[in-house]
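Below is one structure. I have some questions about it.
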Amino acid sequence: MSLSTMLTSMGAGMLRSCLIFFLTLLFSLPLGMGVMFLRRSRIAVVQWITKIYIAIMRGTPLMLQLLMWYFGPYYIFGWSIRGYRFTAIILGFSMNYAAYFAEIYRGGIEAIPKGQYEAAEVLGYSKVQTFFKIILPQVIKTILPSITNEIITLVKDTSLAFTLAYNEMFSLAKQIAASQTSFMPFIIAGIFYFIANYVVAFVMERIEKAMNYYN
Amino acid sequence: MILQMSGIQKSFGELEVLKDISLHVDAGEVVSIIGPSGSGKSTLLRCATFLERIDAGEIRYMDKAAVTTDGNGTAEYVHHRELNEIKRYFGLVFQQFNLFPHYSVLKNVMDAPIHVQKRSKEEVREEAMELLRKMDLENRADAYPCQLSGGQQQRVAIARALALKPSILFFDEPTSALDPELTGEVLKVIRQLAEEKMTMVVVTHEMPFARAVSNRVIFMDKGVIVEQGHPEAVFGDPQQERTKQFLRNYQR
Amino acid sequence: MKKNLALLLTAVLTAAAIAGCGSAAPTQGAPAPEAKEEAAEPAEEAKEEAAEEAPAEESTGAYVFLDEDLGVESYAIGFRKGDDELAEQVSGAVKALVANGTYAEIGEKYPDIKDYLCLDAADIDTASLPEEGSGDSSYTFKHGFDLDYPPYSYLQDDGTVGGFDVELCQAVCEYLGWGYEAVPFNWDAKDMELNAGSCDCIWSGFTKEGREDDYTWGLTYSNNTQGILVAADSGIKTLADLEGKIVGVQTATSAYDMLEDSQADLAATFSELRVYETYTIAFNDLKAGAIDAIAIDMTAGSFLIAGENK
């Protein structure tokens, strides 16, 4: 098998890996914000449930969670799971990453000095204005490095989708490597991940720089 | 009368911080509050600006009730919409400035008038530049707080508070976080405001300043007002033993 | 409110997962060499139990092989290219074990593959076989195998490694007087493991067809047939019925190779050929109705069916 054939057959997998990556970010970044609010809720039950949710999402392997999201509806409710595979993958990834993002957001918010809230309150800002105009921009700046780490992990985690027989790039690499008795697909896979993460790091660095106008 | 606080009580758990304090401020008055740390003077200011909830007592601004106390002795705050209206009457300058670090100097001053008071941008900009000129900061309008000295930051904070056109301005130890050589520029600005008959309540440790600028000095200790009066009276001829002791310690 | 429900659902699902798997976390990828057996165990347990967790289906024993098969393949022992002497020695020992009945004895323990064992004591020329205990007693033979390929090599209920290939290899070492070392590896990494020398052979239901030139081959000791596993009530009776159906297969298996190669025309009629990391997940999908059939070798397939009926 020539290199170009190998690249072509792995190309579809790369697109699938990218799809998982972007959809997961699209859903988990805002979802994490919601989880963070629930986690900081004054209602004890809500806070408690959210804590358990975060503990489970962070305390169990993502691979296991994917199996649960996919097979759970069938084994628990007897629902048909035909055609549900991709949804389950995105659901599993998003719910998992939302938990991590929620904790990062929370850390960032708790690092904002109380004086910022008080200044905003005395100046008459509403709660919503205070959060979006005063707190959030500062939070984003402080949490960017942690978010970058998480996103880089996500790039590599996309290979877990193969657990649910979704043929993303790395599973194709393994299949081609096995059938061709060749190490080449793994090298291609490695380069793909490296480039993807290089792009992530580059973009995030630009964003960090753009926010460096103040300390 | 701009501010009327009466029978204010405030405890943090077991600790009684304010014991039945009353404070009235008339238009154009400059009131200095002095006293040892832990005397409750900062807490009094935070209660007046609703950053802390009082347990009992009454607070009125411009004769509008913000907090009343019913027969049971518990404080009742008015609905938050009314409270927000009342908040427009005062401004507060913090010890730690609390400028918004991600906003430029000009935006720090302009943002609340535009987004809270919904005033026109052009009008606010003109006024903000005027305020910065007054603070001798017009050439730093585009700088960020982190690029300014502490004294400059505090002057921006004062401009920010003034931009909302408050009827009364509170200062919570405005020079305590500053290097000694920078306190002068901030005190100069406050003195200037006093000359313009701005109503102000200043919690401070700067005794010469309090003596020179205020119309009235209040000495607080252990949650009560021990003595108050004209600065010359309080500083020159204190009547209470605790006041004398405090001032003696201070002069050393 | 919806968000709360979603969270609750997550909690329930994951709690069920933890309960179902006895808190054993599956490990991924190739375990570190020194911790291979221990590390691989929980993964196996989790998968096996996940399969058993399934509620009894309305029809028991509801999974059957189609009468038509995909083809026959032979299982042999793969050695590094050039290790002819080692291949010779091990093959000779296997023959000796066939001759003395040990081979058949081990086969009795694995009814699923008994019929596929292709060596017969009567055919063995006992003249040129290695003597019992003739091997170097200081030598340890490193047996490389997939821990997830029952009944040839797998993790047994008691947590030890077992399977026909494992037992036969152990018997070979005992016969020659060698030490035995189990080297369970990630099947995808088998060539790297062998070439790196972390194992001396690949012996784990290892198909010779299509790989003739890639290894030095030892004795072919078993045949296997690749078949199609379906639900009995699916209405699928022949290979032609698979047209427009979704068929699952495990990656890097002979069944997969056949569907890519000699049976590519058949595979082209499927609506989809879904490639799995393990057959366990594929079988769960078959049970859940998410796919219509599984292409799998008869012995591994029989093992899955037997597990379901247990």
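Chains here go by letter, A, B and C, matching the order in which they are written, and residues are numbered from 1 within each.
FYI, a contact is a pair of C-beta atoms (placed from the backbone, for glycine too) under 8 Å apart; a residue touches a chain by one contact, two chains touch by 3 or more.
Please read these numbers as outputs of a predicted model, since none were measured by experiment.
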| task | Between the chains shown, work out who touches whom and classify the graph as line, ring, star, complete or other. | result | line
| message | Mean of the CA atoms for each chain, then the mean for all of them together: which chain is nearest? | response | A
| Looking at CA centres, what chain is most distant from subunit B? | C
| task | Let me have the rounded angstrom distance from the C-alpha centre of subunit A over to the C-alpha centre of subunit C, please. | result | 34
| request: Please compute the C-alpha centroid of subunit A, do the same for subunit B, then give the distance between them in whole Å. | output: 46
| Geometric centre distance via CA averages, subunit C-subunit B, whole Å | 78
| said: With touch defined as at the start, can you tell me which subunit A residues reach subunit B in the complex? | reply: 113, 115-116, 118-119, 121-125, 129, 133-134, 137-138, 141, 213-215
| message | Under the stated contact criterion, what part of subunit B meets subunit A in this complex? | response | 49-51, 84, 87-88, 90-92, 94, 96, 98-102, 111-112, 115-117, 144-146, 160-161, 164
| So in the complex, which bits of subunit A are touching subunit C? | 34-35, 38, 46, 49-50, 52-53, 56-57, 60-61, 63-65, 67-69, 71-72, 74-76, 80-85, 95, 160, 162-165, 167, 171, 174-175, 177-179, 181, 183
| task | Sort out for me which residues of subunit C touch subunit A in the complex. | result | 3-4, 6-8, 10-18, 21, 25-26, 28, 46, 50, 53-55, 187-188, 191-192, 211, 214, 248, 251-252, 256-257, 260, 274-277, 281-282, 284-285, 288-290
